[in-house]
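In the two complexes below, subunit A is the common chain; its partner is subunit B in one and subunit C in the other.
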Partner chain A sequence: MSVSIADPKMMASSSSARSLLRHTFVLTRRSVVGRLRQPAVLAPAFIFPLFFAALGSASFNKLASDPYFTANIATSFMNYAVAGAVLQGVLFGSTSAAGDLATDIEQGFFERLLASPISRTAIVLGRLAASMVVAVVQVVIFMAIFVVAGARIESGPIGFIGLIGGGALLALAMSAMMAGLAIKSGSPEVVQGAFPLVFVLMFLSSAFFPRHYMKGWYRTVADWNPLSHIVEGMQGFMNHELSASQFAKSWLIPFVLAVIGIAFALRALNNRLAAS
Partner chain B sequence: MQELVEYNLVTQAPIIATGLSRSFGTGDNAIKAVDGVDLEVHQGEIFGFLGPNGAGKSTTVRMLTTLLKPSAGTAFVAGYDVVKDADKVRRSIGVALQDAAIDPLMTGRELLTLQAVLYGLSKVAGKNRGEELLERVGLTAAADRRVGTYSGGMRRRLDLALSLVHEPTVLFLDEPTTGLDPMSRLTLWEEVKRLNAGGTTVLLTTQYLEEADQLADRIAIIDHGHIVRQGAPRELKALVGSPTLSISVASSETDEARSILARFGDLRPTSEGTLGVGLARGAEDVAAVIRALDEAGLKVRHLELDEPSLDDVFAEATGYRLEGADAANKPTESEAAPEEKKSRRGRK
Partner chain C sequence: MSNTITEQTVNIRTISDGARPFEVVAILVKRSMMRVRRMPSAFIPSLVMPVFQLIAFSGAFGFAVTSLGIKNALDWYVPLNAMQGASFGALGVSFGLINDMQTGFFDRILMAPTPRWVTVVSSLAAAVVRCVVPITFVVIVGYIGGMNTPGGFMAIVCVAIASIAIAVVAAGFALGLTFRMRNLGAATLTQFAIFFTIFLSTSQVPLSAMSGWLRGVARINPMTNILRFARQGFLGDVTWEQSWGGIIAMAVLLILTFIYAMTGIKKFDQ
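Our next item is the complex of A and B:
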């Protein structure tokens, strides 16, 4: 006598690792499709960075006549603005992704996932992977637009890959931190509420204006702000010959932040599960 | 596995809970949502879990479906411990929760495919199963529409289909028809009956007496976290015994009418504005009651005789009615059944 469960013949035989990959893949696909089906949410991540880049180019174009700027920072303000747009777009996108996760928790889809025999880690990884996919698409689209507008990638095709990788890693880091917040709070409002802080951090970096021209506390904050160094790594790909420091800044720093962020998100998930 | 073998030697019951309890909060602020629930759902039956909002139905289901850890007690579902073997329980059961949303941005077909992958079905098996379920719940035509465009009834049918993807032998339905129109409710009832006829054991929570009466082989009535009655609806109704006579009189005559009614049996809670009595000698007392009221000069505005219903069972067990009950209708301490008074005091 036995209690039967689902027909074993219908079950695909798979190891835990394969299940994790499979679950992560389908949840990534769900997240990406969900983002694509919300154009009103997706649009700001594309429109605002381009708007700020256009605004910056109009306002600060005179910088390009400064010999220090052209010798050490960027070949043109357009070339300078690319990295800031990528950074901004990725941060916008990552916040939206975390907001979607919080919505899942608030509206109950998260609970539906928990009621299934899914790897809990996949719930978080699916969202993070989706953020990376969207970030890659964003960088490619931004680059296409900027190149048409006159920008040039001085470090060549590898620099282009460097920019894409930097964007993807930054998306991973940012969405992991925001996902941790989403899981901890379970509230899309809290996630959206945290975004202005990210925005301030972005303005207190060299995303829109070179550190060289900053003074006083503004300069000090920008010096300590990791976003400054990440964006300068990306600016390096656009404006200088390829170098290891560009990868160290735009890949290594986001990677370290991503490790911290993922640990935070998984801890938040464990705490939420333990509390139930 | 050892536990499963031991369990199967003793019983076939797919759901067993013993002393299941769950508290929220700590110290003086702790609220006991479920308090010592004992439950045994037999193989192949539809078991109704009946109670008002906040009685502890959903909390119990959440513990049985591994979404909530019990504060005390044990529960086995499909032969597995809900705490120690939570993953095995999840693989064995289907769950359609009242508050578990369906992603409105995805289509019905996409959600079924996702669910199939999450339950480990191969791509082909998942696709075939999805098509079969879409047809079964009548959503084939709407399969490629986003769920956000579905009506409430369509969503609940899709929810049911999602819970069946992996052919579970035990199915949990948490208030499956709440908020549905009568037609959608009937459609869902038919589907639940069909599933059960195919051998699936179903535990459904409901606050609708008719739903419990129509669908359930056995029911448990839960109130304030306690199971207060358990058994087949027919048996429970038979235990209440006498029919209920409900009358309405002018509000100035209520007290006198109540004392007259009390001579013919135990007073029972009724809907607002009416008085009820369980006639000790049955329907033959109706004429005598009318005569007594008439002799006292009381004018009866409305009179109704009801055979025992689940609502009577509920009222007898809890001291208030489930249907049409509000705070004003709940019985005073003097009207409540002694068992209820004792139980309420115990909870203070």
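Our next item is the complex of A and C:
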């Protein structure tokens, strides 16, 4: 026991893990505060998803008279639209968070962080954790608004936690990929330029309308689109009894994407460090 | 010798009478088109987005309109996306004006011996010219996708009239707002205004399929009448009953936005 305490390797590892956590926490806080100070940047991530959900529920509510829809998909179109709004809000928010990282690089703040005695990994993890925090707040606010408007979470409190977790993991995955792009390019324009691709992926999924009613190549693309399965997992929390498949779709897929995204972001960071 | 005399004559006319207004309009429109050619990155999204939205809306929401008896979802969405594509030109007008204000070019236009309405009309005319390409592109994609035009050639005429009217209305609104705000916020607000006006109408489904608050809003939104005018030839024959509401809505909006733009430039002068 005394050996393990005195072991300098272990002490160093424990101390570096602690400092990684501390630095990540500080940078997460900075990033969250930075986002809160720019309400104009954050607003679209709230306004547009809520608007589209309200529009969809008023436009397509007659779909709820289709027996297939009520039996297999959702109890009302509003209940269906909640998950799409969460997905949309999280994707908007994560992209703008990565844009902030690219701005840091462009304006030189990133170089100052690299020069300071903090963990390099924390620079990336801080941003990603901030995206998750914002996503959690976003999902909670969205749910409060939707519940007041008449939506119901059929899977109960655990389903609510499932939705929050799904939103947070999706934010992690998306912001990791976008952060990788931001570090690689160092340009906010490139990050913003990649957003239309996310927008296209969102439309080519079941975020706004059930896959069951799509036809032809559009249906095939939606079937293969991972966003369809993520959003359907979230829709499961809203509209069905709790099941493992909901977690598998809305947690596992974003988790795998997050691992790939983080690896991409850290690799981009290493390449940038090596180049500089 | 004769060449020298001609040049002198032209110079004398320019100095004493000022430039002819429509010549100036033509020159400013040409300048606006040169900007499109030199900065295609600013124009291409206004070309791609309506086509993408046409594909996305008809692919995703197709069932919602075909289940109401409409033969092909494209019949419903082509007029909408043609109008949306036309309205994007307003952003180009706003960005161009802000750029001219920042570089000082707009001050030189104001000092030129031309009436103020020339500045407004030239921007509106540029918006009309810009919108021709997106409208054509959307209609061609619609034809490739198999859209129906039971109204024949008049279907295309109606969608072209409605789209051009929306391009002018959006550009007039963008000008009025940009003259007042004088920053990029004007372009953003214009984008929001166009977006919400279009979507809070019968953009996605007919009035009969709507429920609740949206039905009430869409009923009083002038865009609903304009969309009805634009869509009629794609859903059946072109008739006066389907047209007059849209014609009145377009005329009123054109007058109001022109007044808004003109009062804006006067405020800018002051």
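Criterion: the second predicted complex is superposed on the first by the 262 of 276 C-alpha atoms of A that agree within 3 Å, B and C clash if a C-alpha of one lies under 4 Å from a C-alpha of the other, contacts with A are read in each partner's own complex, and residues count from 1 in each chain.
In this section, a contact is a pair of C-beta atoms (placed from the backbone, for glycine too) under 8 Å apart; a residue touches a chain by one contact, two chains touch by 3 or more.
Given the structure is predicted, the values throughout are model-derived calculations rather than measurements.
Colleague: Name the contact category of A:218: first (subunit B only), second (subunit C only), both, or neither.
Modeller: In the superposition, A:218 touches subunit C alone.
Colleague: Once the structures are superposed on A, label A:61 by its partner contacts, choosing first (subunit B), second (subunit C), both or neither.
Modeller: second
Colleague: Is A:121 contacted by the first partner subunit B, the second partner subunit C, both or neither?
Modeller: It touches nothing on subunit B or subunit C.
Colleague: Let me test your reading of the model: by the given contact rule, A:19 touches which partner, first (subunit B), second (subunit C), both or neither?
Modeller: first
Colleague: Comparing subunit B against subunit C, which has contacts with more of the residues in subunit A?
Modeller: The partner that reaches more residues of subunit A in the superposed model: B.
Colleague: Taking the superposition on A as described, I'd like to know which of subunit B and subunit C A:37 touches: first, second, both or neither.
Modeller: First partner only.
Colleague: Looking at A:192, would you say it contacts subunit B, subunit C, both, or neither? Reply first, second, both or neither.
Modeller: neither
Colleague: What is the contact status of A:243 with respect to subunit B (first) and subunit C (second): first, second, both, or neither?
Modeller: Neither subunit B nor subunit C is touched by A:243.
Colleague: Looking at the overlay, does A:75 come into contact with subunit B only (first), subunit C only (second), both, or neither?
Modeller: Neither partner.
Colleague: What residues on subunit A does subunit C touch that subunit B touches too?
Modeller: Overlap of subunit B and subunit C footprints on subunit A: empty.
Colleague: Could you list, by residue number, the parts of subunit C that touch subunit A in their complex?
Modeller: Subunit C reaches subunit A through residues 45, 52, 55-56, 59-64, 196, 199-200, 204-205, 209-215.
Colleague: Contact residues on subunit A for subunit C in the complex?
Modeller: So the residues of subunit A touching subunit C come out as 51, 54-55, 58-63, 196, 200, 203-204, 208-209, 213-216, 218.
Colleague: Can you list the subunit A residues touching subunit B in their complex?
Modeller: My answer: residues 1-7, 10-12, 14, 19, 22-23, 26-27, 30, 33-34, 37-38, 104, 107-109, 111-118, 276.
Colleague: Where on subunit B is subunit A touching in the complex?
Modeller: 4, 7-9, 12, 14, 65-69, 78-79, 87-88, 90-92, 95, 97, 99-103, 105-106, 110, 113-115, 117-122, 125, 129, 146, 162, 166-169
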